[in-house]
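Both of the next two complexes hold chain A, though its partner changes from chain B to chain C.
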Partner chain A sequence: MGQDPLVHIDNLSYQYPRAKDLALRDVNLSVRRGEFLGLVGPTGAGKTTLCLALSGVVPQFFGGRFYGQVTVAGLDTVETPISLLAQHVASVFQDPDTQLIANSVQDEIAFALENICLLPEEIRRRIAWAVQAVRLQGLEGKHPSELSGGEKQRLAIAAALALQPEVLVLDEPTSQLDPVGSQEVFATVRELNAELGITVVLASHASEELAGFADRIALLAEGQLVDVDTPRRIFARPDLLSRYATRPPQVAQFYQELARRGMPAPSAPVTLEQATASYEALHEQIQLRLCEFAANMSAASGPPLLSVRGLEHVYPDGTRALQGISLDVQKGEYLAILGQNGAGKTTLVKHFLRLLQPTAGQVLVDGQDVGGFQVSELARRIGFVSQNPDSQIFSSTVEAEVGFALRNLGMNGPALAERVEQSLQTMGLVEHRSEHPLSLSKGDRARVVIAAVLAMQPDILIFDEPTTGQDYRGAQRILDISRELHQAGKTIMVITHHLHLLPGYARRIIVMGKGVILLDAPIRQALHDIPTLSGTFLSPPQIVQFALWLASREQVSLPVLTPEELAACFRSRVGSA
Partner chain B sequence: MLPQQGGQRMTWRTIGSLRESPLQRLDVRSKLAFLLATTFLAFLWESPLLTGLLVALILLLCLIAGIRMAYLRQMLRLMLPFYAIVLLTHGFWNTSVGRTAIWAAPQGWWLIGGKLRLTSEGLVYGLMVVFRTLSLILVIPLVIFTTDLNQLIVGLVRIGLPYKVAFTFSATLRFVPLLLEEIGSISEAQRLRGLALEKMNLIKRLQVYARIAVPLILGAMTRSQQLEIVLATRAFCGSPQRTFLQEPRLRGLDYALVVLCLGVSLVALWLRLRTGLGRFVMP
Partner chain C sequence: MAENGRPKGEERRVQLLGGAAIDGAPIAYIIVWAAVLAVLSFVPIPVSAVLGIGGTFPMSQAAYALVGFVLGPWAGGLAAGIGRLIGIFTAPHTATAGLPSVLSAMVWAAVGGSLVSKKGRQWLLALLVSVLSYVAYLALGWSRGVDLSLGLQTTASNLSGILLWILPTRALAREWIADKNTAKLAGGLALGCWMVNTCSHTFASLLPYVLNPWPANVWRVLIPIIPAEQLVRVVVGTVIGTGVISGLRAIGLFKPTKAGY
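So, the complex of A and B:
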């Protein structure tokens, strides 16, 4: 690894055109050749802007006010055209679908090479190299839409990599992927960094992965560089991280919790390997005590609110998306549906609302077949908050948006005003009532959509991937809302692959894989069932993996779900009888 | 609506052609020659029999290419009101061919009594116009669905279109499935908020469609900005010196098709001028 800085950011400040505030403020940062730098920080911290400044898109594409200087491989990013910089800085973005532009894997990789006027023989040579570098061999002729999420992002990396750049800049490349896709992308980036010596700058909310792969972590907040240091030093500062709404890896949280409980906790590990390696030292000071966990699922009683019987669905292209699903949901349950992309989660819940018709089987709500109802009628009883808030916003004020459904249901006058008021209050949106929904932040937009669905007062609420694209605090806020609604008597279903967010919220877990239910169990059992989870390419949260390692080492049962629970299972050796 | 895809993404393949066929292996330029020839013939001929045969030929090719029946049905359903108007206008008012009345307004009817006549020739002429437009409507998806968009760009550049224009054309085509998908998800979200289209009159429905436009346009703008950024970071500058990985090559079959298209067009023109073949005649 060389020591000369490849990327130089000198007193960088930047303001987007028509923006009130600076997006970046006095940022000074150098990246060495061959380094892996992680960028963390809450939404709006300036991570994306910093990534775009490295490729010259900021300010060349957007305009705006740019102060200071950025150089990559000695080239000034303001003066060098983006198309020329592209041969030194490769960019990979968040959305796998918008960044793929060609009709086959090889054409996708060829695109940039054709643009820089390489001859076909050289293009072919580089395609072969790039395909191998990201392990997509054998898929050269495939259409990008036939690839999985992880494969798509690896293709985007290959397409940028083919220009043989020195720096690879990735802006939240895994935020829309399931865990297996996410692992593929991280593994690929790590290999490119370690084996080919490519310098990497990667912005992400995935603390556990960054902790394992990055040489240094830069924490950004409100456009400023708060600190840059090794993962172990950055993630071991809970005060700093919580002030900037950034989540440390769970094993670090465990050590912090030990310290909070007055137990001796030396320097916190940030990866699973570090945690297991440093356990011996920890063990000399603290010891496990017997702890019990109540099975928190009450036995089902009464007729089910929602009942699925032998449900099958075959798509027009012949894909068997659901293969005989049977499921009962009682009133007042909070359940989470897990599974990799394509497991059939969304397809299943769309049948509850008759957005899809079963190929075989039936869905009953309150004992009545949904086949006898219109979508609009079912929507009153089952509120469905789908993935992208922006395609669910049609009105020019928050208030009108929340009242949209009520007017469709024929409500008006004081009754409507009262319901809107109630819904705005529940979601904490009263102050935004006359603003345009699209002028709000992403987290607030998501709450507008929930408020709009909630106004219909449905008995069941379904959230489809509510935490995708939200930072840690935004995700927690949405889940807190779901818990409040659950406590108010609603039946809640959450579709997700963010397993670490579920403890404290969901009680029952349904794991789906390839159109069948693999597991239907209380959360404590489900998150510890590694064979089933890995069967649908999910892995349990880091703390559960650590607890499983501990359990087998100490020959005890440790069905913990959170760092706090695990810390509660220990006591100090000093001072104990 | 198009076939529902649920959790699945929509692409040209899911709405268009699914099968590998000889048509996909043809060069885009020879397919463009075919498109031009059929357009020429559709306008040259006024004979319902010949235009009808032309439609039948294109339909057959569509089936060979594996264009989805659902798509063809959808196109027909959209065009149906237009065809009804064409048939009726020609039936009632085409005085240049209309002779034999099959129905006439009774004398006593105000204004139109005794004057308005529905002629069999007019109806058949209308049918010919329907065939003519049908052949155009069917031949365009036949070419687009069986052509790789990249090949389309290269083909267009090779026949003299600037690269930027060709790229914009193909980028627009690429966005069609994405837009259709977006429309689907917006209208789904509206139904999930109690909107019951099936219970609405036409004016209300139009208002609902107008509401879809706002999120749709905003979404499309965001997407096109993202696309521009992606293109810039992939060294795209629309340079005319740009190279192509797959230089299109005209093969024997392509030459044969171009020659055939040209030959048939010339012969048809000659026959039309010399013998009048293709003139309007009642079958």
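So, the complex of A and C:
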């Protein structure tokens, strides 16, 4: 790694047009050539704005008031045209739809390369390399709109990687990816960083991956740089991280929990490798004790509320998205549907709402085929919060948006106002009621959509990747709401890649892969079933991986799901003899 | 943060998109509006005064004034011209006036932009074009047997636009379009669209009338049809404009320097 700073940020402050507050204030930071810098912090901390400032999009596209100086490869990002900066800085944005413009995967990757006048042979070579790096082989001819959310994000990354820029800026690039896809992206970016010397600036909530791959972590909060240091030093400060709604890696949480319980714990490790290595020393001071865990799955009884029988779906391009799915969901269940990008999860739930028609098989709600329901009638019974909240936003104020569907169903007057007020309060949106939904952050936009669905008071609520783009506290808040609704008798289904968030919420896990159900089991069994999870590009939460390593080492069963549960299985050797 | 609460760094002069802007409007905005107008060209509205050549006008006509309000006179004119040119080829079923309508669209949007311009004398230029077009249209009609009384009745709505343009109502429309209140915005758009559409209409009608002179007895039929047509344009322009400008304000995207909202 070179010592000369490639990126130099000097007293950077920035205010968006019409914004009351500064998005960034007095940020001072240098990034060395070849360094991998992680950006962490809660939603609204300024991570995205900082990423945009590196590519010149802030302020050259947005306008606003810009103070201080940012230089990249010696170029001032205010004075240098974006087109010139783009030859040094490649960006991958949070929402891939904002940067995909071509008619096929390979054209998308070629676009920027053509614009910098590379030879056709070199363009073809880089397309093949980039496609392989992000696991998009076989999809080269597909239109980007035909790709799943995760595939789109990988395509945006491939297009940026292909440029082989000096600085690669990635803003939440893996938020829509399955865990293995996420790790692969991190590994690919690390490989580019190590082998080609590309400097990487990556904003993410994925603490485990950042801890393993970043050289330094910058913690941002409320537009200010709180601290910048090695991952081990940053993630070893639970109070600081908690204050700024940032989640440390689970192994660090485990060691911190041991310390909280009065047991001797060394400096908290932040990666699985560090945790297993430091356990050897720890083993002499603490010991495992017998722990028992509840099965955590309610017994099914009565007729199913939702039933799927031999469901198949083939898309017009011939993709077999679902292949004979059969499933019963009881009233009052809380289940999670897991699976790799493109496993068929979203396709499955769209059949529940008649948004897609089965190629074969049927879906029954309360014993009646959904084909006999109007879509509006189903929408009243089944609330769906889609992966992209923007696709469900129609109105010009938050308040109007929350009441939109109800008004369409003929509700008005005090009843409508009361229902809207209740939803706004539940989702903490009262202060935003008069704002335009699209002016809010992605996290807040997701909450608007959930509020609108809640207002319909449906029996079944389906959340499709509800925690994408949310910080830890925001994600927990959404899941807490889902749990409250579950406790109130609603049936909840969550589609997610964030397996570490599920304990405490979901009780039943359905694992899908390539259009079939691979596993339908209680959460403790499912998250410890490594072969099944890896078969669909999922990996268990870091603490489960550590527990499995421990279980193997100590020859015990450790079906834990959280750092707290694992810490509870230990006691100090001092005074225990 | 400096002790007085001001940022420590020196404030920089911000140049938008590396200077890729026309008259203060980013080129990307011009392209987007041109695309919007091209798409609106597909929708025929069946309330045209020009019954003999189709009886419809493209919905894009209702948005020309709006493009001027949002981008300013020159950038708005350019966007309208590009959008109309594309629309002629992609939606020929609404392109009854052919290529001359490109020039009409440009003038139409430029007049819209001049209405919201706070500085300069562009409003005077727009007035000059409107008055000359109006006089030329009446003179052409008179030379083809349309007496002055009938001509004035048929073009009463056009004349109203010119009068409103001269009166303080132009400044009032500009003020309301810039107002944060949605009702005032809608009112300003309605008033502004009426002025811009009626002022520009005679310019847009000149060439079709030269090429395809409708007989004097048709002028009488047009007495109620022209205001109705203008009213439809105003309603469509106001509805689209209120939504678009509210959205643009809420999103907080950079505002073109000559924009009126």
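The rule is simple: the second predicted complex is superposed on the first by the 460 of 577 C-alpha atoms of A that agree within 3 Å, B and C clash if a C-alpha of one lies under 4 Å from a C-alpha of the other, contacts with A are read in each partner's own complex, and residues count from 1 in each chain.
Convention: contacts are C-beta pairs under 8 Å (C-beta built on N, C-alpha and C of every residue); 3 or more make two chains touch, one makes a residue touch a chain.
Model, not experiment: these values are computed from the prediction.
Undergrad: Could you say whether A:S267 touches chain B, chain C, both of them, or neither, answering first, second, both or neither?
TA: After superposition on chain A, A:S267 lies in contact with neither partner.
Undergrad: Using the superposition on chain A described above, determine whether A:Q69 touches chain B (first), chain C (second), both, or neither.
TA: Second partner only, chain C.
Undergrad: Using the superposition on chain A described above, determine whether A:Q368 touches chain B (first), chain C (second), both, or neither.
TA: Once the two structures are laid over each other on A, A:Q368 reaches no partner at all.
Undergrad: With the two structures laid over each other on chain A, which partner does A:D107 touch: chain B (first), chain C (second), both, or neither?
TA: The first partner, chain B, only.
Undergrad: Considering only touches as defined above, state whether A:I82 meets chain B (first), chain C (second), both or neither.
TA: both
Undergrad: Applying the touch criterion given at the start, work out whether A:I116 contacts chain B, chain C, both or neither, answering first, second, both or neither.
TA: A:I116 sits against chain B, while chain C stays out of touch.
Undergrad: In the overlaid three-chain picture, which partner chain does A:P59 touch, first (chain B) or second (chain C), both, or neither?
TA: Second partner only.
Undergrad: Hey, is it chain B or chain C that touches more of chain A?
TA: Between chain B and chain C, B touches the greater number of residues in chain A.
Undergrad: A:Q425 contacts which: chain B (first), chain C (second), both, neither?
TA: Neither partner.
Undergrad: Using the superposition on chain A described above, determine whether A:N11 touches chain B (first), chain C (second), both, or neither.
TA: Touch partner of A:N11: chain C, not chain B.
Undergrad: Both chain B and chain C touch chain A; at which residues?
TA: Touching chain B in the first complex and chain C in the second, residues 60-61, 81-84, 438 of chain A appear in both lists.
Undergrad: Which of the residues in chain A end up touching chain B in this complex?
TA: Chain A residues touching chain B: 52, 55, 57, 60-61, 81-84, 86-87, 89-91, 93, 95, 97-99, 101-104, 106-107, 110-120, 123-124, 127, 143, 145, 159-160, 163, 313, 315-317, 319, 321, 342, 344-347, 350, 353, 355-356, 374-377, 379-380, 383-384, 386, 388, 390-394, 404-406, 408-409, 438, 452-453, 456.
Undergrad: Sort out for me which residues of chain A touch chain C in the complex.
TA: Against chain C, the touching part of chain A is residues 10-13, 16-19, 22, 25-26, 56, 59-69, 78-84, 396, 435-436, 438-439.
Undergrad: Which of the residues in chain B end up touching chain A in this complex?
TA: Residues 3-9, 11, 13-14, 18, 70, 148-150, 171, 174, 178, 182, 185-186, 188-196, 198, 211-212, 214-215, 218-219, 223, 226-237, 239, 241-247.
Undergrad: Please output the residues of chain C touching chain A within their complex, sorted ascending.
TA: For this pair, the touching residues of chain C are 1-2, 7-20, 26, 243, 246-247, 249-255.
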